[in-house]
Each structure stands twice: as structure tokens, then as C-alpha cells.
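Some notes on the structure that comes next.
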Amino acid sequence: MRYVDEFRDPELITKASEEIRRLADPARHYRIMEVCGGHTHAIYRFGLKDILPSNIELIHGPGCPVCVLPMGRIDDGLAIAEDPNIIFAAFGDMMRVPGAHGSPFEHKARGTDVRIVYSPADALELAKKYPEREIIFFAIGFETTAPSTALTLMSAKAQEIRNFSVFCNHVTIVPAIRAILDSPDMRLDGFIGPGHVSTVIGCRPYEWIARNEGKPVVTSGFEPLDLLQSIVMLLRQLHAGEARVENQYKRVVPWEGNRAALKIMAEVFELRPYFEWRGLGFISQSALRIRDKYARWDAEQRYAVPETRVADPKSAQCGEVLKGVLKPAQCKLFGRECTPEHPIGALMVSSEGSCAAYYNYEYRKSLVTRIASVA
Amino acid sequence: MVRFRDPQIEMAHGAGGKASRRLVEGLFAPLLFPGSTEPLSDAAHLKVDGTPVAFTTDSFVVKPLRFPGGSIGELAVNGTMNDLAVSGAKGCAMVVTFILEEGLPTPVLAAEVRAMSEALKRAGITMCGGDTKVVERGKADGMYITTAGIGTSLPGVKIDARSVRPGDKILLSGPIGDHGITILLARGDLDLEADLCSDTRSVLPLVEALVAQCGPGVRWMRDPTRGGVATSLNELARDCGLGIELLEEEIPVRDAVRGACELLGLDPLHIANEGQFLAVVSQDYADMALNALQQTDGGQEARIIGQVHEEPTNAVLVTTRYGGSRIVDMLVGDPLPRIC
Amino acid sequence: MCLAIPGKIVELVAGENCVGTVEVTGVRRKVQLGLLEDDMPKVGDWVLIHVGFAMSKISEQDAMEQMRLLRALGETEQAMEEVRGYGLENDDGHDAPRQWNVKPNA
């Protein structure tokens, strides 16, 4: 696969990890946060922790849109969708996320018409295919995904498709990073910055982290060589006493972002005054809602939304794990009451949530001593 | 003791993963096979009045009924043969039940029956009976097929997960993921196209070649259908209490399967196969076993993909050439496309 | 949020605004190009695809530059080691501990 395989070259990966070992000061313990859930997933999928020196600690950040979605929002979306005429369309990631009254799949088993879509455009196609039904697209994601939802809404309006609406849960990344840095328990040396969010918003939105907080940020790609190169770049800055934003993912991330995508987002969305983030509480100016000119396609305006608020069980420590204050295994429920099979918190349901990633990919590795290869 | 506490049945319970296992071990097994100490396997080995037979059953629920590379009728025949083959038995006879949906066009049914007839000839198994039921429009997705098959044990081989030892090698007969991705694409919900087709076939010729040459070294076999290689090997790891290491670069995956998996965020190790099998072979027979498969028609892409170790116990580990590793577990239900 | 894959534009769909077909190792999918309206891709261009939308064009030049940097990793160090072998290292001590950045109000 072009633009993928080159960045998974085993020899270059070994070379990069040697460079990291050479650069890392053995007297120092580095705490680097990767903000984005996709980076968390990649780190586990490629086993990168195995090839980093033990004094580089990767802390998982809150950039997982499923993980930060309050349960009540799922309940609200599903409550509207109980009407047999409605089709509830969402990404696969949402299907097993538990609301207070069950996950989308559990609702499906009870009769709600729940469908997986790969793209918001596919949800719009459902509306065209079933003109007698009402389609609600349950939108999630950071700024990576919001432009696609926006363009789909513009398309719905332009084609006058009346039986389609969006239940919008898009959130923005910078407030999440701010919440991390404001957390008194957090001590970080630098950030592996979001990769795909940055294709939309560019690298400028992270400059305050370097300037005001003195932490270097390197926006990174998702292949092993991208992540390792980003760590090299962070270490070089840390050793030189620098704190700047650097773009490792140049082949795809424009420094100024995608102007067209930002314009499209601004056309359709505006910032909510505040929004509740699971585990992080209410954050102002952190989420998107659909503008009045698209009200007809806004599920929150078309339907009566119960505005369910569901508190996480007190014993679940999702908030602290989300902020990187606790490691997944340190949550009292991890591996016992809370597993991928019966998740209590969203960090265990989403495949990029720290708890699920750790449980699925890492948990039982602790017994393994280096295994000799088959050859 | 696993207890089945789920309040209702969901799709996940049929996906072959953790939810399925919970249902079988927590509800079916305690009531239907109480006191059994054998690990669950693809076929049962019984003695009927002293004659050893292998006995299996399978059901086929697939949408769409026809897909590139095959159809439900062929899956039914090949799937039954394969369950028997990987248990070390040669299928000799099977029976079939059709559950047909009211309104199913006759040409559709006829096409399936023709496909089954041809598959029976190719596989070398006799159909010796059947049953039919019709259910109301809206049920059965067109048709469901259930089969039962019996066979005789292949000489010189005994399949038992408990005989697996550290140092044993894991063999895979060919590329994975073809069937599951073909079905996913054929459903049309994801609007993806690829030149892919189901790998449905009888693996008996490959199994026979393997057993004929390496019988004493073959410890365990399984056909990785729903749940994929990851599920089958996790079941093995649990049944033998050992650890399994797979070398990522040795696992054969076609480009198109890989592309679809990368696009959808799926792991080929979790995708269903209908024409492949896994075998655990002792170290001294491993090279001969690989050769036996590769020299047999249809086995050219066979590979040694891994090895059994003491640890991590009850788990499957995938390692990369640069020293990274990750645990691969069974999924709860079907693999779901993701965007995150 | 994050799963995005590089794919090649193999077709621009006539008639529909800003829609193309993208291919990833033989798998084809319709892709919405509207987010790239400022710089529409042509057939043969590589784009990054996320939820069926092209997010960005992939710069072959930047990719090659990155590979060059990766291949060069450690080469400076190797050169330094050879130089050290001749006893020619700098007086400021390449091996001396570096100064760390201290946050101004820490």
C-alpha cells in the first residue's frame, strides 16, 4: 500500500528506535501525551511501546470522540429513534457504546432500526433510498469528521432532501487539550499532536501550548515511522530547551489547515456556549451545533430531545484515565466489572479508548519475556 | 463456571466470538452436554456400536445468498466437509434442511440446489436425505440451510488440543479474509468494490495430504470461519493453556482484503474464511507439513505463521519484525467498521 | 476521528459535483471531493480519505523528503563516532549533559 508500507519499513523502524534510545537521556523520565485516540490505537497496534526505552512514557490523551460523549446523548438519540419510521444511522464505533438503556445494538435487538454507515454521505443516500422513512445520522468526531457532516448537510439542503437530519455531537480538540493542561495533577513534557484533525485546522491552533505552556508539540502521522520520527523531533526540542510546534505529517497536513473545509464548517456549524464532556465536565465553546439556517436538518430541533443526563457510576474512574492522570489498569473496575465484553465506561468500548486498547492489545503481555522468532 | 446472564439474544451471540462462547458454555453446554470434559470442537467423535464415526452439524445464514465465488448452497456442503476434515475425518454422507421464506422465487432455490449438487460432486460426499420447512414472508432472509454430516476417521491422526506442546508450529493453508470481506462488500452497505471472491472450497484434499505425510505430528486443526484466525487460535490457547505467537509478516493476506481492512479499520485476523484451515504440527514435522500442503493443488500459498510457547498463557500474540507486539483477542461480536 | 487512508483517484464521476472514485490496493469507493474545492484533485492524484471524504492531497515530495530524513537518522551520529575515533571531538563535550528547558514561572 503506497504511502503506508514505506512508513512501516521494519529496518527504518529499528533505526528510528535506536536514534530514540541514543537521544533519550537515561537520567530523565519523559512524559509525552499523544492527544488523539487514533495515535493511541496505532501505538498499541504496532507494538511501539516495546521498542521505546522505558524512560519514555506515553500518556494517552482525551482525543477519542466516542470516549468523551456523555451517555445521555446516546440515550437521547436512541429515544428519538424508537419511532418505527426512523432509521438511526451511525458509525460502527458507536454500536456497542452503552447508554443508560442499552447500546445501539441492544436497541436494534429490541426493534429500533439501527444501521451502520461508513460515511455521512451514505446516511444521506439512505434518505434518498427510503423516501417514506426518516433518517437520523448520529454524528460524532472532532474537526476531522465535522467538515464531512457539514458538506452532507449542505448537500441535503441543496437537493431538498426532507427526510434526513443530523444529531450533532461534534467536538473540538483545543478545549480538550486545555482541560488537560489545566489539570493540576498533570505533568507533561510534550505532545504528539493530532494528525488528521490538523489536516483541517492546521498547526497554528497549537501554538499557545508551546508559547504559553512551554511544551513542544509535533503533529504526527499514524504509521510507526511517523510516531517514532515525532518522538525524535520532540526529544531534540526538549534537549535544545525549545518549545515549538512542528509538523511531522507534512505530506498531508498543511500548516494553515484546509481553508475550504473550515469555510464549510463555518457555513453549517456554530459553537455551542458549552457542552458536557464525559470525564471532563462542562467545557465552554468546545462543541458544534447546527446553525438555524439548517434547522430543518437538525435532529435536535426537529424532534423532542429528552436531554437525558446520566452520571457515570462513582466507581468508574473514566475522567482520570481520560486526562491521563491514571493508567487504565489503575481504575478499580478495570478488568473486573469493566471489560470489553461488558464495558462500564466508554473508554472500554471504543477501540481507541485507552482502556480497551490496553485491555485488548497489552494487558496479558506482562508475562512475556522476549520471544525468539520462528524462522 | 460461565453463566449466561444476557437478557436477550443479539447478533453478537452468533458471531463466533466471546458472546457466542458465553452462550454455548453458559447455556447450551451445561444443559445439553453436562459432565463433558472434552474441549468443544468442530465435530464429535463417537462410537456407534463400536464403530468410530465423526459427526457434525452446521447452519448457513448468509446475506446475500449469492456472492462472488459462491453461494449459500456451496457454503453448506463445503462447510460440513471442512468441519469433518479438520477433526481428522473424511465426510461420507450428509443431510440437509431447508428453511425457505414464503415468496422465494423458484429459480433462486433451484440455483442453490444446483450449486449444492455440483459442490457435492467436487467434495466427494453423498447427500442422503433432507427436510424442508416454509416460513412466512419476512423471515429466513430467503433461505436458511442446516446440515449434519458423518465421516470416518482418517488413519494416523488424532486431533486433541491438549496434545499441543511449546515449540509446535502453526500452519495456515492460504490467504485469510477473502470470504468475510467478499460478503461485507456484497451486502452493499459500505459502497466498496473489489475484485475479490469467497474462498469457499473443501479443504479435505489438503488435510488428507497433510495427514498422509505428517499424521503423527499433527496435534490440532480448525477451520477459521466466523471470528477468523484470531478466534480459532484463542480457543486453542485456552484449551491447551499455552501461548501462541504469530509473525505478522508471515500471515498471507491478499492486497484487496488488506485494503478493505485498512479502509474500514478491521483486522484480517478477525475475518471469516470458508476455504482455509489452521494446523498445529510438532516441530520435527513442520517443514514436511508445509511442503505437503504447498505441493498439493490449492495449497501453494500455505505458510508457517507462528509457534506455540509457554506464555503468554491462554493468549495469542502477534509480533513484528522490528520487535513490536500486540495481543490479539477474540472480539465480542462481529467485527465492526470504525472511523476512529 | 482518526482513521484515514491514502488512496488514488482513478475516476472523476461525470455529472456529480465533486465526486470521484478512489482506489486502495484494488478496493474502490466513491469519495466526496468537496472539501478540496480550492485545489481539486485530478485522476492519478493521491488523497487522504476519511469517512468517504477526501481530506487532503498527499504530497509525494514531502513523503520522499520524510523518507530521506528517516534514512538519514543516526548518520550524523555515525559520522561523529568516526570523527571521535580520530580524537577530534569538540571541547564543549558532545557527551556532556544538555541544559533542559525550565518553564519561566516554575
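Letters A, B and C name the chains as they come in the text, with residue numbers starting at 1 for each one.
In this text, a residue touches a chain if its C-beta (ideal position, glycine included) is under 8 Å from a C-beta of that chain, and two chains touch if they have at least 3 such contacts.
Remember, it's a predicted structure, so these values are computed and weren't measured experimentally.
Geometrically, the chain at the heart of the complex, using CA-atom means, is A. Set against one another, B-C and A-C show the most C-beta pairs in contact at A-C. The mean-CA centres of subunit A and subunit B are about 34 angstrom from one another, to the nearest whole unit. Centroids of subunit B and subunit C (each the mean of its C-alpha atoms) stand 40 Å apart.
The geometric centre of subunit A is 20 Å away from that of subunit C, both derived from CA atoms. Multi-chain contact residues of subunit B (touching two or more other chains): 190-192, 255, 258-259, 262, 265, 338-340. In subunit C, the residues that reach two or more other chains under the touch definition are 1-3, 5, 24-25, 30, 50-52. Residues of subunit A found to touch two or more other chains are 1, 4, 37-38, 41, 64-65, 91, 118-119, 122, 141, 145, 352. Against subunit B, in their complex, subunit C makes its touches with residues 1-3, 5, 7, 24-30, 49-52.
Those residues of subunit C that touch subunit A in the complex are listed here as 1-6, 8, 24-25, 30, 32, 34-38, 46, 48, 50-53, 55-56, 58-60, 62-63, 65-67, 69-71, 73-74, 77, 97-101, 103-104.
Residues 1-4, 6, 12, 15-16, 18-19, 22, 25, 27-28, 36-39, 41, 63-65, 91, 118-122, 141-142, 144-145, 147-148, 151, 194-197, 199-200, 213-214, 222, 225, 229, 232, 238-243, 248, 250-254, 258-261, 264, 352 of subunit A touch subunit C in their complex. Contacts from subunit A toward subunit B in the complex involve residues 1, 4, 10-11, 13-14, 17, 37-38, 41, 44-48, 50-51, 64-66, 91-93, 95-96, 105-106, 108-110, 115-119, 122, 125, 141, 145, 224, 340-341, 350-352, 360-365, 367-371, 373-374. Partner subunit A is touched in their complex by these residues of subunit B: 8-12, 18-19, 22, 169, 189-192, 243, 245, 247, 249-250, 255, 258-259, 262, 264-265, 304, 306-307, 309, 311-315, 317, 319-327, 329, 332-333, 336-340.
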